[in-house]
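Below is one structure, written out as structure tokens; the observations come after it.
Chain IDs A, B, C and D follow the sequence of writing; residue 1 opens each chain.
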């Protein structure tokens, strides 16, 4: 019999992910801090729980998708939090990105209550979430990862086992290090090319055709040329993740000169008021410094 | 009737490119500074010319593929150089990467002799050159580009018209800015991941599966894990190209913070003796700084 | 009547600072986690207390000079900590560098017990500490700073009032941002000069004679040429302070591109095993990358 | 008998330097491309020459103070240039900053005509030039440097012999690497401090009092707080010098991560229209990125 899945956190990412769990045939329950987001689920017959504790008590697998450490703390450790509803054998899957330290603490707390913990952040933003094309980076005991794999596969096209906790989070940090750097690299390339009077569309074509051709460049490049900075992965979240990256790298004494340069442009983007725009807005910092825009 | 093509410069890139011209059915002649490299061509009945001037006199389209400004100067302006053999209507296609200024000068000199000049550097290294999968970035008058397009298509899978001279070179600089940055980004990601005890193969898998999945990462990532730094695009050439990039950006007053950080790691790679290795050796600088290696 | 001063933390900095308080004519008591360091004080008739709580109970002004947030937490909030000995009117002066957040928390805790809190980190390392030449960066209410000013002046040649809590700490972060950057700047200059075959002593002379002539360069430059990396301000502490700087700058969305580059060299210095050497060892990272040493 | 000194280049630096030579009791002749600048000299009885060639023919020591490679080329190699007036035993002293390569070429050309060449750029800007407080960085044969030392000492407070040609220029590059970095460091410190609501005057006081206290910070810090960006050493010249620095470092494969970061801010300053302002305007880039100004 399929497991009962409780989903906590119905934001821009969580909502489509929860729908994909629902579409995968699971008996779904949801919780969200602001109840309005649960309405469409209720309309489809999904159970809406009033607290994470009750949701946990009534689920076999609890999926958490919240964006900040503070939110995770409340969801887990609050008065009516997940821990309060835990029991032996229940699995808690954390899919948001928090620090490796916070991940370890959460795992210890869940284990102490007899539960299982899977550290499972995702690669991909809103569109892949909607299409069930996320890549899930799963840390935890192999048997725990295997147990929740069918649920994860309802949300993603691939589940990459990364090792023990917090290796899912570590893998996510490596990917987002690269994500930020590639975004900045595209921004520097397009902005230089514009100053040299190259055609932006031809630049994207040339980038796409060869060894540099990452899907990210197609997606973000098109948005930049269209002047579309509606957030998919906002600058503020990139800033948060790069802080986690430089924090982890600092502890491990690993120098990251390029990432450090990217991070400062991210800071500037926030200072200039682009924190809530998509990370493609990094180019706006460079445009501001050179006094013209890259548009088709 | 197909045009007669003269090919100058039979290095690691030039040799397979010349073979692809030959395979495309053109009447081919070649010149190389060190004659040994011409032997295999002679064995297949290709005419070997003793100077660029004679080659030019006997060709309709002259393709030049040499790596340095100095070499280009000799080939063009030397006593028995291309200019000495030029006549009205002949087309000179420069496919190596030199500065925008050197490109402009070469075009003016060729035009002054009644010839046509196409500024056509390529994106892609040895393997794409062998497979005829280069992307050709073509600057010049539209009619000149169209005229030599069939010859270019014998060497590449795509010809991207970039505008007037030196827009082919400018486009190349933008692409190599990104190439260097992506290489450094992969190196930082893999090196941090290793310090965090992630499995290198799983990192490559996770990178490849999502929006970051550029062919470059597959190719270079695999080589790094195999400890294979045999040059395809050597660090010394990347250094040369990033010097051209920062030179052009400096003139245009365009800040490139990430590229600047990458360039310093490239300098360090050269200082550490990796100049003649593939650019994947950037990771060796980071490994040196952290005292361990990223290998499978 | 002179106030009774209790001094907590007899490390490389704290020991000479405490002696200067003693030399200033104050009735001094001391506490140190490892008692051996208190022996020379006991030999001179200084009271050695067994816990911070007892020291606090028997003092009017409590000076704390410990290096980490963890140590400060123990000293303040531990079972027999300063808070346990506090009473109305006693002043607590924190002279180590911790985060602005930790400073605010400490101040609130002290105020809640009726005490006064002065946030007073110092500029200067071991030698100025020995000579009573520190610059004290004092945050807190003006009347609180004035009250403890005589004690501070026993340790330093200048007391700079910086505003409310945690402005002393903020000022310290700005100074150490510059300290790290100047150290790295000297290292880059000397290392480039060596590669260009300049005489290191002449470089220091030229730096010293003009607008660049900061005392730091004289001091650290001489040590570098002598191969003396005995710690005055160790790389690990610089790393800690730059983490606080980038943390504060990240929160405030202030880009610091140069500081970010410096911080990565600091990470590399730690990775290469120089964490416990003086920050002058930043040059060792550059030397490692260029394969030769800057020595007289 | 005192030597006859010919001075070429009466710009912002050259004019006060020439006056100091005059004040030192030398028989002075001058040349300037735009004659208006020579008027005050003529009024004081100084000989004004119509070409560098004639000036050279009538002088024992020729001092050249022009800012660009192009200007130096014209002065030296032009039809009525210095070389055309040279004869055995005359000394040519180049005090502007050009590339090491241009310096070597100039020396060879002068030596070939029987002259002596001294490579003598200066540390210090307009104010030290006026006060005769420049530091002269002298490259060349020891006997040549000694011969012109009295003339140099009329302009500067110190003459630092740096080794053979082009070691004066190399020394200058090291100093200006540090000059740019210190300027950027001050800008980052002040801008962060402002965001943290520190008082700018107190910041300058704290910087000045300790190991960081370089005269540069006093001078530029005061100007920044006063909103005074009148050029002493303009951003465009700093950009030129940092290009020479990164060029020399690139050739020598010496990584300069901090300098690279500084250079990009310099590019941004030029892009934002501050090229002709004093280098203190680097802070304007950071202010632009954070949306507020550092003023008293």
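The rule we apply is simple: contacts are C-beta pairs under 8 Å (C-beta built on N, C-alpha and C of every residue); 3 or more make two chains touch, one makes a residue touch a chain.
Bear in mind that the values here come from a model prediction, so they are computed numbers and not experimental data.
**Q** Going by C-alpha centroids, which chain is farthest from subunit B? Tell me that one.
**A** Result for the farthest chain: C.
**Q** C-D versus A-C: which has more C-beta pairs touching?
**A** Counting C-beta pairs in contact, C-D comes out ahead.
**Q** Return the distance between the CA-based centres of subunit C and subunit D, expressed in whole Å.
**A** 37
**Q** Report the inter-chain centroid distance for subunit B and subunit C in whole angstrom, where each centroid is the mean of the CA atoms.
**A** The mean C-alpha positions of subunit B and subunit C differ by 52 Å.
**Q** Please tell me the distance, in whole Å, between the geometric centres of subunit A and subunit C computed from their C-alpha atoms.
**A** The separation of the two C-alpha centroids amounts to 39 Å.
**Q** At which residue positions does subunit B touch at least two other chains?
**A** 249, 253-257, 260-261, 264-265, 268, 271, 289-290, in rising order.
**Q** Please output the residues of subunit B touching subunit D within their complex, sorted ascending.
**A** Where subunit B meets subunit D, its residues are 239, 243, 246-247, 249-250, 253-257, 260-261, 263-265, 267-268, 270-271, 275.
**Q** Where on subunit B is subunit A touching in the complex?
**A** By the definition above, subunit B touches subunit A via 123-125, 128, 135, 137, 157-158, 160-163, 167, 170-171, 173-175, 177-179, 181-182, 184-186, 188-193, 195-199, 202-203, 205-207, 209-217, 219, 245, 248-249, 252-262, 264-265, 286, 289-290.
**Q** Which bits of subunit C are touching subunit B when the two form their complex?
**A** 257, 261, 268, 271-272, 285, 288-291
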